[in-house]
Amino acid sequence: MIELESLSAHFGNAAALRDANLQIRRGDRLGIVGESGSGKTMLALCLMGMAPDSAHLTGRLSIDGRDMATATERDWRQMRSRRVAMVFQEPMAALNPLRRVGDTVMEPMLLHENLSRAEARARALSLFEEVGILNPEQRLRQFPHEMSGGQRQRVLIALALACNPALLIADEPTTALDANVALRITDLLQRLARERDMALVFISHDLAAVARATQEIVVMYGGDMVERGPTAEVLATPQHPYTKGLLGARPDPAEAGRDANGKRRRLPTIPGSVPPLHGLPQGCRFAGRCPVELAHCADQRPVFTPTEPGRGAACHLLSETGHD
Amino acid sequence: MRRLPANFLLGAVLVSIVVGIAALSLIWTPHDPQTMSISTKFAPPSATHWLGTDQLGRDVVAQLMAAARNSMTVALVAVLLGGSIGVALGLLASALGGWVEDGVMRLADLGFAFPALLFAIMLAAVFGPSLTNAVLAISFINIPIFARVTRASANQIWTRDYVAAARAAGRGRFAISRDHILPNIAAAIIVQATIEFAVAILAEAALSYLGLGAQPPASSWGRMLSEAQTLMYLAPQLAIYPGLCIVTAVLGFGLLGDGLRDITDPRLVRAR
Amino acid sequence: MAYFLFRRTLGFVLTLLAVSVVVFAVMNVLPGDPALTILGMDASDDALAALREQLGLNEPLATRYFSWVWNALQGDFGLSHSFRVPVSELIAERLPMTISLAIAGMLVTLVLALSLGITAAAQHRRGGDWGVMFLSQLGIAVPAFWLSILLVMLFAVKLRWLPPGGFAGWSDPVAALRSLILPTVALALVQSAVLARVTRSSALEVMRQDFVRTARASGLSQRRVLWRHVLPNALVPIVTIVGMQFAALVTGTIVIENVFYLPGLGRLIFQSIANRDLPTVQALVMLFAAIVVTANFVVDLLYVVIDPRLKART
């Protein structure tokens, strides 16, 4: 349904995304994990045709078999909401504060599907029920500031589902939420994807959430896809040093990504921090922070090496053992 | 040294031209601006009269130069007068706080109900129209503007550590206002003064155009325009030059003010 | 909410009272003897005494002030000295002209300023943006009366499309509208310069917010995102400036009426100055100042209508 072939995004000389390859089919539930600056949001924006104007895109992106390289803004508008929809990170900021949430959710239905107001309202009501909003009738008339963060995120999910998209991208949908609200939103997304036979791309640095919601996982670092495979297997036996670092940074799987006070930790404890885009090494992006770094890692780019069907990583350690 | 912003540079150039011409008019104009000569009225531009003459044969360049001087003088007096009263009130409000601050700020609010024109109209009705009344009216509207800016900036400085240290050392509120507050808000006041200078030039021109400012025979861009308006069919060019002068002067001081603000307030530059 | 309304209304009434004190003081205390001001130095003592009696100048100041306010509240502004009719009649006769000009000017200003400001924001740092910024910088520096003269020279003197000034009354609506076109445009062009800038910067601020991305992700067109999502959220600072610009609009209307010889309140006030008609000037200045104060009061209330979040907070 959606195919990426060596899709890259450059800002000047700096690459925010390098040679991303991806295939998403109906019903797939894919997790994308990585720290801030790993390129995961950039990837999501590319899928929406919403990469910033200053980004130079290369490679191939096709949706429903159509090459989107030639797509105009108008073509993309036809795709958004109806084929691909997105839920953003900050539910507090992602809703227009001056509009009743019902009007916000109904707007794409009225525009894209020419529904009457009554039809749109009926659909909004059933969507609110589907995403677990209590008292939907009353909620439709409320303003965002009258709702909690979890409720707003549910509204945003309802908005994303308004025109029955084939793919739902959730970009850090739980980051701004309390722990147990985050858990329920994660389960909701997972359930919606299964019930609607809809593809889900779940972007997060919260490994526990990704583990709950997805079947497959892609680990990203510095704009590169460094490891991928079935979620359970990757989390159990990580092959890339970065993935190991991410997992090792978890004190306890159930408490993944949270510190002792139950607060969310933005960066797992891998030594150092993600360098700014233009400061990344040209070879393996992880060079410099990698505990098992080889001499040529910083200069030579590791190729993606499959280890078993549907599984693999981009690391010189793997490719070298593969050669031997 | 940071590169100076373009608006500052352009503003500085325009202001230099206008102020330079005004200053030059003190010692030299190509002709006497008031000398009439009916035989050469409506003369086209020539070597003797660079921009020609008006309906009374007066040299247009000489008049424009004298008007520049008058305009600068009015703006300078109005901004200095209104500005110093406003700054004093603002410092007082900030230093004393409490009901004094409230009172001064309510008075400032009240001042905003009167555009300069309304105030000039009242003064003209009572004392008859004159340039002095125009200056007073423009000064008056500057008081609340400066009072507000001063109080807002001064209140920020009062929270600084070195002010607390000075207070701990037993310095009085007025001494602190003079030695610590005023020097630290000077930049904000100068920026405001530059912008208000532009506003004052515009106000003087409007008041003189309406007959509430400069009275004959004093030269004023605004008055030249009101005379030119009655001669539109005969000599439309006379309605062009004074307007261009006003725009140059107002644009110059406005850009200079914006530029100064960009230079002195780095927060705004980054936000761009 | 009720407390907020009460406080704002009280502040509004107090400001109006304070304004009336200022106007009264300037017009009655500063001149010393208003009768002398009105009649001039060479008036006879009898005439002065008679005028003092007619204006009630023999009463104490406080009494005169309160009776002026009390009568004004009932629509009685006294007798115009020069026109020999009640000031209220003069005002009623000329008010429609001024109101039409001000409203037309404001509407054109809003349409122009919002379109230009939003266009500039949408084209941030590209051609349209620079163009709008340049024009507005210029517009701020151009005096309304000079722009009016230029418009008259072009459209009335040279092209002869529109009348150069004057107003023949509403009996011929087409002619009346034609006489209003140039004054309205002159008023609006200058007013919209400031407002377009404010709209642009406010819209740029809003466009950085997440919900704008949400709206785009819902497949809404750029146009719809800008006008239906960005603009309403950008309105609060815009409305503030519109309120503050009412002072400029009042000034602008007075000036423009005089440039185009339109028989409105702005013309009346200048005729009254020339005639030393103090009661009329006093009433008109009070009226204009009251309009400015009322506009700011209305703006305060509008915030609550625009932004439902404020309702909860106030």
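By letter and in written order, the chains are A, B and C; residue numbering begins at 1 in each of them.
Assume a contact is a pair of C-beta atoms (placed from the backbone, for glycine too) under 8 Å apart; a residue touches a chain by one contact, two chains touch by 3 or more.
Chains and their UniProt names: A = Peptide/nickel transport system ATP-binding protein; B, C = Peptide/nickel transport system permease protein.
Just so it is clear, the model here is predicted, and its values are computed rather than measured.
Student: Closest chain to the protein's overall Cα mean, using per-chain Cα means, please.
Tutor: Centre-most chain by C-alpha means: C.
Student: Quick one: point me to the chain whose Cα centre is farthest from that of chain C.
Tutor: A
Student: Indicate the whole-number Å distance between the mean C-alpha point of chain B and the mean C-alpha point of chain C.
Tutor: Inter-chain centre distance comes to 22 Å.
Student: Which whole number of Å gives the spacing of the CA centres of chain A and chain B?
Tutor: Taking the average C-alpha coordinate of chain A and of chain B, the gap between them is 57 Å.
Student: Just the number, please: Cα centre separation of chain A and chain C in whole Å.
Tutor: For chain A versus chain C, the centre distance works out to 53 Å.
Student: What does chain B use to touch chain C in their complex?
Tutor: Chain B residues touching chain C: 106, 109-110, 112-118, 121-127, 129, 198, 202, 205-206, 209-212, 222, 225-226, 228-229, 232-233, 236, 239, 242-243, 246-247, 250-251, 254-255.
Student: Which residues of chain C touch chain B once you look at their complex with the stated criterion?
Tutor: It is residues 15, 18-19, 22-23, 26-27, 30-31, 37, 137-138, 140-146, 149-150, 152-153, 157, 164, 244, 247-248, 250-251, 254-255, 258-259, 269-270, 272-273, 276, 278, 281-282, 285, 288-289, 292-293, 296 of chain C that touch chain B.
Student: Flag every residue of chain C that touches chain A in the complex, lowest number first.
Tutor: So the residues of chain C in touch with chain A come to 209-211, 213-222, 224, 229, 232-233, 306-309, 312.
Student: For the complex, give me every residue of chain A touching chain C.
Tutor: Touching chain C from chain A are residues 48, 50, 73, 77-82, 85-86, 88-90, 93-99, 107-108, 111-112, 143, 145-146, 156, 159-160, 162-163.
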